[in-house]
Amino acid sequence: MMNSMNNIIKQIDDVLTITNSEIITNRQFAIDINSGDVHQSLAYLKSIGFTQLSILTCIDLIANNEFQLIYILNNWELGLFVIVRTIIPRDNPAFVTIINIFPGAKYYEREVHEFFGVTFEGNDSYSKPLLLEIWDDIPPLRKDFDPQVYSDSKFPKRDLDKIYRSKIGGVD
Amino acid sequence: MTVMNFVYGFIVLLAAFIFQTALTGVNRKVTARIQKRYGPRWYQQFLDIFKALRKGSITHGWVFDFGVIMALGGIMATVIFIPVAGFEAFPNMDNVFVISYLLAVGMLGMAMSAAGSGNPWASIGVSRALTNMVAYDVPLMIVIFTLIFAFDTASVSEIAAMQQGMGVLGWNAVRMPLGGIVAFIALFGMLGKKPFDSFIAPAEIASGPMVEYGGKHLGFMFILHELMTFIEVSLILSLFFGGGSSILVYAIKYAILYTLVNIISQVMPRFKIDQAVKFFYRVPLVFAIIQGLVVIFLGWGVSVWF
Amino acid sequence: MVLENQDNRNLWEKIGDFFSANSIWMKWYCTGCGAIELPPTMTSRFDMERLGMGPMATPRQADVLLITGYLSSKTLRRVIYSYEQMQDPKYIVAFGSCTINGGIYYDSYATINQLDKYIPVDLYIAGCMPRPEGIMNAFADLITMIKKGQANGWRHYQENYEWYKQNQLDSLKEVIIHDEFHE
Amino acid sequence: MKEVKLFLGPQHPGMHGNYSVHMYVDGDIIKKARPTPGFLHRGFEKLMERRLWMGNLALIPRICVVEPDINEMVYAQGIETLANVEVPEKAHWIRMLILEMARLAIHIMGLGGIGGPTGMYTITYWAIAQRDLILDLFEEITGARVYHMYIVPGGVRKQLPVGILDKVSKLLDELDVKIPEYKELALKHPIIHKRIKDNIMLPADVVWELGVTGIGMRSAIGKEYDLRKVQPYARYDQVEFDVPIANYSDGLTRMNTKYKEIFQSIRILRQVIEKMPKEGEVRTRVSTGSALRWTVPAGMVYSAIESSRGEYGYFIVSDGKEMPYRIAVRGASFPQGLLGIEKYLVGHRIDDASLWMDTMGVCSPEIDR
Amino acid sequence: MNERKSFFAPVKAWKYLLRRPVTILKKDIFENPREGSDMYRGFHQNDWDKCVGCGTCESICPTNAISMVEIASLEIEDGKKNERPGFDYGRCSFCALCVDICVSDSLKMSKEYLHLSKDAESFYFIPDINGIHNNKAKQGYVRDETSELLDLVRVKMEHEDVSRKNSFIEIVKGYSMEMALAESARCVECGICTDTCPAHMNIPEYIRSIYENDLKGAITHLYKTNPLSNVCGRICTHLCEGACSLAIRGEAISIRWLKRYIVDNTPMEDYEEAVLSFVTEPVNGKVGIVGSGPSGLSAAYYLRTLGYEVDVYEQRAIPGGVISYGGPEYRLPEASVQKDISMIEKTGVNFITNTKVGTDITLAQLEEKYDAVFLGIGFSLSRKLNIPGNDHGDVEYAIPFLAQTRDYLRDVSKMPDIHEKVVVIGGGNVAFDVARTLLRLQIEKYGKADVKMASLEHRDILPADLEELEEGEEEGIIGSFGYGPEEIVIKNNKIVGLKVNKVLSIFDEDNNFNPSYDKSDSHVIEATQVYISTGQMPEYDMITDEIKEKMEIVRGKIITAENGQIVNVPWLFAGGDIVRGPDIINGVANGHDSAVGIDKYLQSKKK
């Protein structure tokens, strides 16, 4: 299995411009790709058997002021996962949709937009709210968003001190 | 027509309500048994109805309210024309056409009221209910017309009386087996039992016409439903299963018929409404027509067994 | 049927409460994960119908609204709608930790913490999630409460409507239901 | 005719969970459909970044309430990959026991679930009562009925209680008798056939377009694309089982596939009981120190297993601290629950909407997270 | 693929009409609800006697459901807080991580799962052993070794092997970075150690800094409360480790060695920067400090960081007192002592050495010269032992001997005059220091060693640390523990041995020191030189009678206010041994408190 994976990586490396590749397990590897090459690369990967988009997501690399987009493709025939990674800037994050390659990405892109604020040109519904309703803060999965603060400001909580004090009073 | 007629009528109404409601309750326990559980108390249905009546309720305009009253009035009027084991509140007025007509008043009242609620689910439900009615009514009516032709009377009690004295063999369901089958299947449709309950299907249209009823309105609808069940089962019982020589026999037969319908419906999923229509027009309608032709042209099963 | 002070219910009200107690219809609405224990409660193993309870499809018909766990603010809007559509008398049973003080989602940006700020709760069940036995016992308790005229959350809601509305608006911004077509 | 706007859900008996489909209907025909998730959104992916690696154990099962164990498994598996820890042999088998029991539970519930939208409640009542017996066993093994929190990074949390394997095999014997009754009642029923046969189609090209996995995929394309076979985890490579497949994915085929998978699960469980080592450790440490200070080496991994609805995965990113840097969840029903509804529910009747959800296996909490 | 349909198959379901339902009977639900399984995770039970209030459960709780609630009626003991966990069942997710991590094994879960109420505030409990409803519910989920979440085994510290006795090489090797990280990861941050530490060091904080590999931060935490971290990282009495909550079921965190890891491994620039970062703007004020032992140094450092001008008077040539002249080299290498002292010196403290207050300069002069004076003179005299023969010339005392050894190792003094066969009287750490130092000197001088020890206390109750005993015996010290000295046997004006009797009890019924002996069990320990190490005492010669009258001295210790101020002599503060008895960490704590006290006193005087 390891062998065939190495062959695949080599094959991919020959065709695509990969900045870096990393073997994670014997059934999984990751490749880093410049953001400009992503569409071409995904189309190629699809053509060699990575026919399923398992997940499209994003990582907030706040230290570098970057977002990392993650595309995980599944090759059922060989039982391989490939993690395609690309970096986009964190300020005004914008990218181009992949729904012409993987139509299933439509809702993943909506989700990434909602959680991180990345825009996807070409996906006409990316900006619609998906899971959240009437959201009024920065996208919640960014690292600089503190849910505790948001929760405290919006949703009242019980005063534990008071409750426990009354309990102890009862015990003694 | 005297005051006594109305008193009798009231007694029939009350008795019908109590009997049918109790029977519904018992059948909930029967259902429960099939589902491997114990089920509610036998009088749960009474509690449910009175609870609903006790609750507050809101209206969606006068059509909504009036429809309920109209339906309840129509149905209550129908009940008192139903002959029970030969006992009639208004003798000689148990014409099957009168009953059908009055029943339709009730149905229409319900439909009007439900549509008046303005809820789209209710509208869908009503349209399904009416479609369903059309579906089962055509074969059923053909069979009933056949009966009327065969017995030369439209009086329910007379038809019932003519089936007695010969035991099971005298029943129209046995004399005219295809007609009996059609009537039995139509009974499911009339009662809204599965597989013909797509108009109240909770998982599809959130209980359809009932979607906006709550509190007293719902309570009335429940009473309405019990009375309607009584009418429909009685009608089929009297017309096809020989009615009853005494109240007791009648009650027992009634209970058996209703329970049978219930346990069958418990192992049935529901048809989609278009499938239900197709089904009625494919099987029962053909049966009904064959039965009609047999009775009219061959005369089998009319006055005696051959 | 507007009831007065609970302490002096008249005979009719007592009879009414008796019926209410013995026939409780619950709203079929799974607001959170506690709902996974409702099917066992409703079906053959625990057979909730023995208590006279059954599921109902619409809020108009229901007597009790079960808040089965956490409520996201999106759901809370629907819950408020549902609750207001229910007919008096109506009750709320809250399942599990999340309804009391936020549960495991205490720091989530999407879920509320304290349910009784928004709608009146008649009975809480401990657990995460409560077992069917807990749910059954809660219903038995609710029945007793109703019989004794103690389940008055709905009346509290009427009397303190402004307070509840204000809390709802503070947390939710608006209690309007949007549809997905965005038209 | 005028098109009517309808909200199917979230409070609608036909809905599976707190989910909603907004639709325009013409008569009974759905003209437009938009899935509306988010009613169960709790922000798990954010909350997990704020909990300890071990503390997340309490959080993860709650992502998918109907089948919590898969969450524990993918989480544990991902961390073990990152930390490069080998799980004790017995723990692998116990994990398989748990996972297959969970699959049994959810499949039986799914089989009963067909009763809801079609109105045959009897089978629902039976199936859920039957599932409850499995939950009883879960309670004995793990200490809770639903949220077991039993599969932990490094193994499982406790040794199996004495005599539990006998109880499991007794239950399996019972299921062998009881499950065929469900088939008699439902899957052979002519009206059920009318409802779901040749209806609610999922052709092979749609499978690839949406990215549907699991039963939906396997009954459409006729290949054994099951992660248990394709990328065996735990000790699935040491047990014999078949992956039921078909080439025609209508609702009935999917239900039948599900039905067959139940028996495959029973078969796996019997082998697990037989082959499980009697003695041995069940847990290793993934990190040193107290659980408050457990760390996972920096890196990223996509950990996926076969859930009852298909490929279920976590994408785990660690920066070497006590808390995860990012965890993204791939809900198995994400494709069919969102894009599938938007694109392919159109043209069906209202009656089919909840059957769609049921036979496709749409689990709202894992979509919402 | 699809099975055939069958019209009549569904009717088979009717057979259940006549079968028994699967439903659980009402009585099993309502009257006595079904019991949870043996491992059921129900409501909590907490054994209050076992619970130490460490709050580890609070830290692990993923739902923030546990808050430690102060119970006023509980007493605070060493290693126990008067807090008990309160459970918020409006948060709890019944994951039982708290049970798995409970350090004292007090927390359990019961099989009880029912609690219903219309009052949301009734879902808050501070459960005790009887559970939340006080109904002694059956026990459900408990921790076992598989589900254990703590790391109970200490990272093993490597020691020099027994050949160490040939030199004064430091015995403990110290942690490597990996070891320190692993050890620091064991900490549960309960903070019980902080409460126990006399100096209230921020122990959990600096351990966390190690864990985060932030040594500069760790130094900062250390110097907040202890400027003698090098010394304390080596020879502290580590009361903290005794109180460590992990010690209840396992081994305590090696707090002392972690401290040593910090000071040994922090780069010098970071170290200096962290230490000097505390020094603030100068304020107008001068403070004189008498004695440069731990308390004096500590007071000097903190006064200096507060901005005062500080002069420290030391009678010997090198500042440090006990740390420069007391501790043995193999435990406390010269370099680390000098590192601490030089750091303090770098902050700007002025040391005036070779100046004995009382002879070279009087206390009255100090009073005039300084705004306040701190006395940290320590216990500089050895306590005499009242047995026959104690006035013989070959009877040596611990303090001068140890001091001379240190000077010898610094090459400023000759080797102490030691004999080939010696006996040490005493069972404390100092006695072992003496014995083991003797052993090393003997090997240096004679090539072999013969050191014996005698102490009143039996080996099980020896005041010295266990490791001292073990290491000492490993090195070849032969002890007569539990034997009290009766007399020093002198023949021909030469010591030939020490006669000892078996001790029956050390304290009498009134708990006063009054050892009783079994005279029948006695023997003579052969030796030509006797070292007495049975305690120290202070020297108050410098204090004039006028001042002495105003202060209160009980059993050799000066009574002061909490901040070290002597009540009737407001300009005079005291700390260290002379206030709290001999212990370095106590001295440090005292010095710090006094510095704060002096600051307050001077600030209030200004106004």
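Order of writing sets the chain letters: A, B, C, D and E. Residues in each chain are counted from 1.
The working rule: a contact is a pair of C-beta atoms (placed from the backbone, for glycine too) under 8 Å apart; a residue touches a chain by one contact, two chains touch by 3 or more.
All values reported here derive from a predicted model rather than from experimental measurement.
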item	value
Graph distance between subunit B and subunit E, where chains that touch are linked	1
Chain with minimal offset from the mean of all protein Cα atoms	D
Of all other chains, the one whose Cα centre sits farthest from subunit C	E
Interface with more contacting C-beta pairs, comparing A-C to A-D	A-D
Chain whose average C-alpha position is farthest from subunit B's own	E
Subunit A and subunit E, separation of their C-alpha mean positions in angstrom	49
Between subunit E and subunit C, distance of the C-alpha-averaged centres to the nearest whole Å	56
Euclidean distance of C-alpha centroids - subunit C vs subunit D, Å	29
Interchain centroid distance [CA atoms averaged], subunit B/subunit C, Å	36
Multi-partner residues of subunit A (each touching 2 or more other chains)	131-133, 140, 145, 147-148, 158
Of all residues in subunit D, the ones touching two or more other chains	5, 12-13, 38, 41, 43, 46-47, 50, 58-59, 62, 122, 125-126, 129, 147, 185-186, 189, 368
Residues of subunit B touching at least two other chains	32, 34-38, 202, 206-207, 266-268
Chains that touch, pairwise	A-C, A-D, A-E, B-C, B-D, B-E, C-D, C-E, D-E
Contacting residues of subunit C [partner subunit A, same complex]	73-74, 77, 100-102, 106-114, 117, 167, 170-174, 178, 182
Contact set on subunit B toward subunit C in their complex	28, 32, 35-41, 44, 47-48, 50-52, 54-58, 202, 206-207, 210-215, 218
Complex contacts: residues of subunit A adjacent to subunit E	158, 160, 163-164, 166-168, 171-172
In the complex, subunit C residues that touch subunit D	27-33, 35-37, 39-40, 43-45, 55, 57, 59, 70, 72, 74-75, 78, 82, 104-105, 107-111, 128-129, 131-132, 179-181
Residues of subunit D touching subunit A in the complex	37-38, 41, 43, 45-47, 50, 81, 208-211, 213, 223, 225, 227, 230-231, 299-302, 304, 311, 313, 315, 317, 325-326, 328, 330, 334-335, 338-339, 368-369
